[in-house]
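Shown below is the structure under consideration.
The chains carry the letters A, B, C and D, assigned in the order they are written, with residues numbered from 1 in each.
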Amino acid sequence: MIRVGVVGATGYAGAELVRILAGHPGVELRLLTSRQHAGAAFSDIYPAMAGIVDIPCEAYNADAVADRTDVVFFALPHQLPMGLVPELMDRGRRIVDLSADFRFQNADVYERHYQPHTARELLPQAVYGLSEVYRDRIRKADLIGNPGCYPTSVLLPLIPLIREGLLEPRSLIADAKSGVSGAGRSPARATLFCEVAESFKPYKVGAHRHTPEMEEVLTREAGDSIRLTFVPHLVPMSRGMLTTLYGQTKKGVDEAAVKNCLARFYPDSPFVRICPKGRPPDTRNVRGTNYCDIGFYLERGTGRLILMSAIDNLVKGAAGQAVQNMNLMLGLAETEGLTAIPAPL
Amino acid sequence: MIRVGVVGATGYAGAELVRILAGHPGVELRLLTSRQHAGAAFSDIYPAMAGIVDIPCEAYNADAVADRTDVVFFALPHQLPMGLVPELMDRGRRIVDLSADFRFQNADVYERHYQPHTARELLPQAVYGLSEVYRDRIRKADLIGNPGCYPTSVLLPLIPLIREGLLEPRSLIADAKSGVSGAGRSPARATLFCEVAESFKPYKVGAHRHTPEMEEVLTREAGDSIRLTFVPHLVPMSRGMLTTLYGQTKKGVDEAAVKNCLARFYPDSPFVRICPKGRPPDTRNVRGTNYCDIGFYLERGTGRLILMSAIDNLVKGAAGQAVQNMNLMLGLAETEGLTAIPAPL
Amino acid sequence: MIRVGVVGATGYAGAELVRILAGHPGVELRLLTSRQHAGAAFSDIYPAMAGIVDIPCEAYNADAVADRTDVVFFALPHQLPMGLVPELMDRGRRIVDLSADFRFQNADVYERHYQPHTARELLPQAVYGLSEVYRDRIRKADLIGNPGCYPTSVLLPLIPLIREGLLEPRSLIADAKSGVSGAGRSPARATLFCEVAESFKPYKVGAHRHTPEMEEVLTREAGDSIRLTFVPHLVPMSRGMLTTLYGQTKKGVDEAAVKNCLARFYPDSPFVRICPKGRPPDTRNVRGTNYCDIGFYLERGTGRLILMSAIDNLVKGAAGQAVQNMNLMLGLAETEGLTAIPAPL
Amino acid sequence: MIRVGVVGATGYAGAELVRILAGHPGVELRLLTSRQHAGAAFSDIYPAMAGIVDIPCEAYNADAVADRTDVVFFALPHQLPMGLVPELMDRGRRIVDLSADFRFQNADVYERHYQPHTARELLPQAVYGLSEVYRDRIRKADLIGNPGCYPTSVLLPLIPLIREGLLEPRSLIADAKSGVSGAGRSPARATLFCEVAESFKPYKVGAHRHTPEMEEVLTREAGDSIRLTFVPHLVPMSRGMLTTLYGQTKKGVDEAAVKNCLARFYPDSPFVRICPKGRPPDTRNVRGTNYCDIGFYLERGTGRLILMSAIDNLVKGAAGQAVQNMNLMLGLAETEGLTAIPAPL
């Protein structure tokens, strides 16, 4: 039995990790930390878990983490993990970090958008945990920089087409829409019920920190500098992310080419589902699951490709993909612990 | 492997049955029927299930049902099951019916509130499927009248106190609040998004057909005629039911007496959770699960007891309890297939 | 033109006051204060108001308030108004206070549930601003303690029956349900979108501070000590309050008696609408308006009366009733500035 | 006093017309028709209007309409108005039609996307009612084809830039998001609360009938054939529409050029508000009002312009703009009856 811990267990992504890991047949949940709720039972913070996960939340203690776990998930705000991960790595723990701290290969880009990086030496060995795309490298990794939710929703549909060169690299636009849980559980006026209900709006236009993350990956995949126009929007719902991508196809690319490209890329990826023509993805269909549903429409006349993806921002966009990465790292079945059946509503 | 079928699989309760049964390790989903969607794959109707439940919906055919299943769940509108169940019973199938057709022992009461009963001869052997209360009889039953959602939410907290005679029988009030899914999936103006959002209202005041169902059970349990004042309300959310019950305690009944009464009744009932003092039940905490969370508050001075219960109307209030009853009938573990871990949000 | 000011203009009740007063033909909005947003234009805080109310929010300054206004609305947290109101009263300003500070005649009760009262000398002249009930006293008042939202929803349907002695005084139960805006605009985990959506729950059971407020008024009206069992619940919607009241009628009270009692009490009250039989009140129907819709159902057999009321907690439950009280104080038409037509959805 | 009637008064757009017209100081609501609810009082169908609009709904009768109204609003499904309008035009009534029947100058385009047009002879005199853009022609019109909600949200921000030639005509993309009320009040599974809540999805990708409407107008304005890539999405809220537009600026176009272009176009348009930099439009801010809030962001490096607009789909996108057009036709102040102050939440 693999022993796992969650550092930062009471935020939304952390709690979702707890939910998934508590039902994972191959691991044992041995340690939960929470700065704010140290001393409380997890089920006091999340009463839904009464009788299911009643172990206490603890203050972070590196010795305790190193002694009692084999794999550690970090669900902390950016900047904190890079201060804690190096010591655990030295002591042989394997890490899946959900923050941005280990997502960038180029530390300068990270520093331009976040803050000075204090664990640069680990970046070369950190693997970007986009499971379906970097499966082989993830299998051998000890440190995963788990992708952001927006990047997951953008990159899964886009990378197959970029790799095959089907799209004009200067034409890419991602119009993304996220449920409110992406903003986390810290009290904030902007995410109060009364501020969000009956409201739909763009935010951080031209300024979201997921843009450089996506551009680094896309540029690497294209072998050519790629700029992405990215506009995130806030949807009055708790969970779910739907991204609508627009790109100009290269001459001669037709519907079959797109379809085949996606089919070739995702034949053995149980969590990627290609939607049949005429039924676009819907966040509802992936709620609470690790699926990424992908659909597309090629506009005649303009040659413009509309790619659509739906994920649950807390699962495939965070905790679910983190567990999928752990499964890969440990040689478990990729779907283990992730087979929750979606609810009809 | 037990072979099961769901008759009426595409309504909300039916689809929830499909979701639960598809993940149940002890059964095999062999047959789904749908009047409206016969011929379509289940996952065409519920795309969330693509790759999970792709078997077709069929028109109802008694031979097919009898040949291919051991246990049959009926999730049809009232009146239809009593026309179909007798033949299947004759052929040895075991039945869990989610309609009202087999919930009443007194057929006259049924007829007063529904319509003429055409299978009265089956009523004596039908068992009211309130799992925690009638466990022993359910284990031996071949035909279950699965309780309504409101009755489940009212009876689970109330019956222990009624059996022990702690409450004045003429004092009972149930103020119940339900999510919209209780109204089903048939298109209706009253359940359109724009009619329900930002709306909270009572409905069918003094006229809901769950009242006689509850009164029959309570009267039987009390050994005395019981009237229940019952007011249902509609909440702008999809799932969940919260019932607030008011009753006058008899002289000398104190908080400990109530607490002990509930504790004595539900020691081996994994799906009933008694909430700690000061933390009332919340539909959120049982969403998607078979739990019934119960809390109470005894008002000093007035001696009035406030009992509160929360269930998911589609799970403990319908499909989940139906599967729990099947488990009991088949001698499986009561929780089998029902251990979904609730989501933090 | 009457000059008005709003102290605490950027909370939800304050902003609703601004909305109503900005459209009121008989007053001029001359001063807004906000501790937190002093210096900002009101429309920077509420961009919906761009081009409509662009005047700045100021820090509170007694001289400025006294110089520039005739009537002052206080929409501050409890405890603050009683420190500021006396000086303004001395300087001849008329006050409508939306906090609890001037709602109680018995200062000891206030102190038991809130904190020491530092302006007890004003209580004898403060009038409880339940407009339809205390109209005559409000007309002559200089200081209004504007009722809480729950008390408004409970007292308007109940007082006519209590005054006429139609109900048993020991039988009263109020099961109340409120939209989230009642909790205000301060960031708090409990009112985050993700905590409230798909959640319905009771809160502060047996401990809500509106209970003593209601009991003081009811006791006064009944001429007899009245206890009220009161359970508030939180509804996943922004605005609206629906209260379901239960009471035992005295012998001989029939439907006509209840109907006539209400009709006698509210003949000249344009904001009270009695719902026809079979159509219970719905918060939707009063959203954004100053209406209180009242319905009832008398249960045969038990003689139990079910009274239902719907208000918008921010309008009739706060800002709207405050303006209605100002109209009465100033001798304006009671409905002036309050004739917004409700939206169909 | 102008006498007005609403044909099709009980759908959402019709009811919103009733709401606005009932509060309009310059008109008198004289006639409401409803196929489905003929004979009922309007306030029976919309109890929110009890005591406000209690006049009956009538079956459509051309004589009654012609006799009792000066201006007639049609809020019927496409195809019905073109059968009724000609007779009323002959009898001198002035018409604002909210369907698509009189929106197209080119009847062939209409017929390709709708059905055969039976009143082609009226198209030359019908004016497309985009109030701010075609104000002068609307003033003289007797027949208005009121724009669709999506076209309003797309054309108001886009036309100024198109007219001045600031954008590449082949680069235009509109990613639009609408609240559910756009789908109307007829019972349909797709708009049930339980189908829409916690769901976000594109629909009718490449197939929405508002596309040809927008392309006809844009082509006319550009003096050049324009193709628009248009993807509508459904948002789990009742009201509101947010459109994010993407277009390539021509060489040399900078932020000031965009800003000035919009400022030049909308100086005397009280319903168009240009948002300050860094605060994108939000449907919340225009809810229940006739405003169109417009914001933009010019992306450095790519030269891509992101234009954002927010309207209330039922007001500026339907009933409000219809009344604005009536005001223009009648020589009233453009804002008359449309000055409702937006609610803070």
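By our rule, a contact is a pair of C-beta atoms (placed from the backbone, for glycine too) under 8 Å apart; a residue touches a chain by one contact, two chains touch by 3 or more.
Every value quoted in this text rests on a predicted model; they were computed, and no experiment measured them.
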item	value
Any chain that touches chain B and chain A	C, D
Furthest chain, CA centroid comparison against chain B	D
Chain pair with the higher count of C-beta pairs in contact (C-D, B-C)	B-C
Length of the line joining the C-alpha centres of chain A and chain C, rounded to whole Å	46
Centroid spacing, where centroids are CA-atom means, of chain B and chain C in whole angstrom	39
Chain C-chain D separation of Cα centroids, rounded to whole Å	37
Junction residues of chain B - those touching two or more other chains	12, 181, 194-195, 197-198, 236-239, 282, 284, 287, 345
Residues of chain D that touch chain C when the two form their complex	12, 15-16, 18-19, 22-23, 46-52, 181, 197-198, 238-239, 270, 273, 275, 279, 282, 284-289, 293, 339-345
For the chain A and chain C complex, residues of the former touching the latter	12, 180-181, 185-189, 191-198, 236-238
Residues of chain C that touch chain B when the two form their complex	170, 173, 175, 177, 179, 194-195, 197-203, 205-206, 227, 229, 231, 233, 235-240, 242, 244, 246, 280-284, 287, 297, 299, 301-302, 304, 306, 308, 310, 345
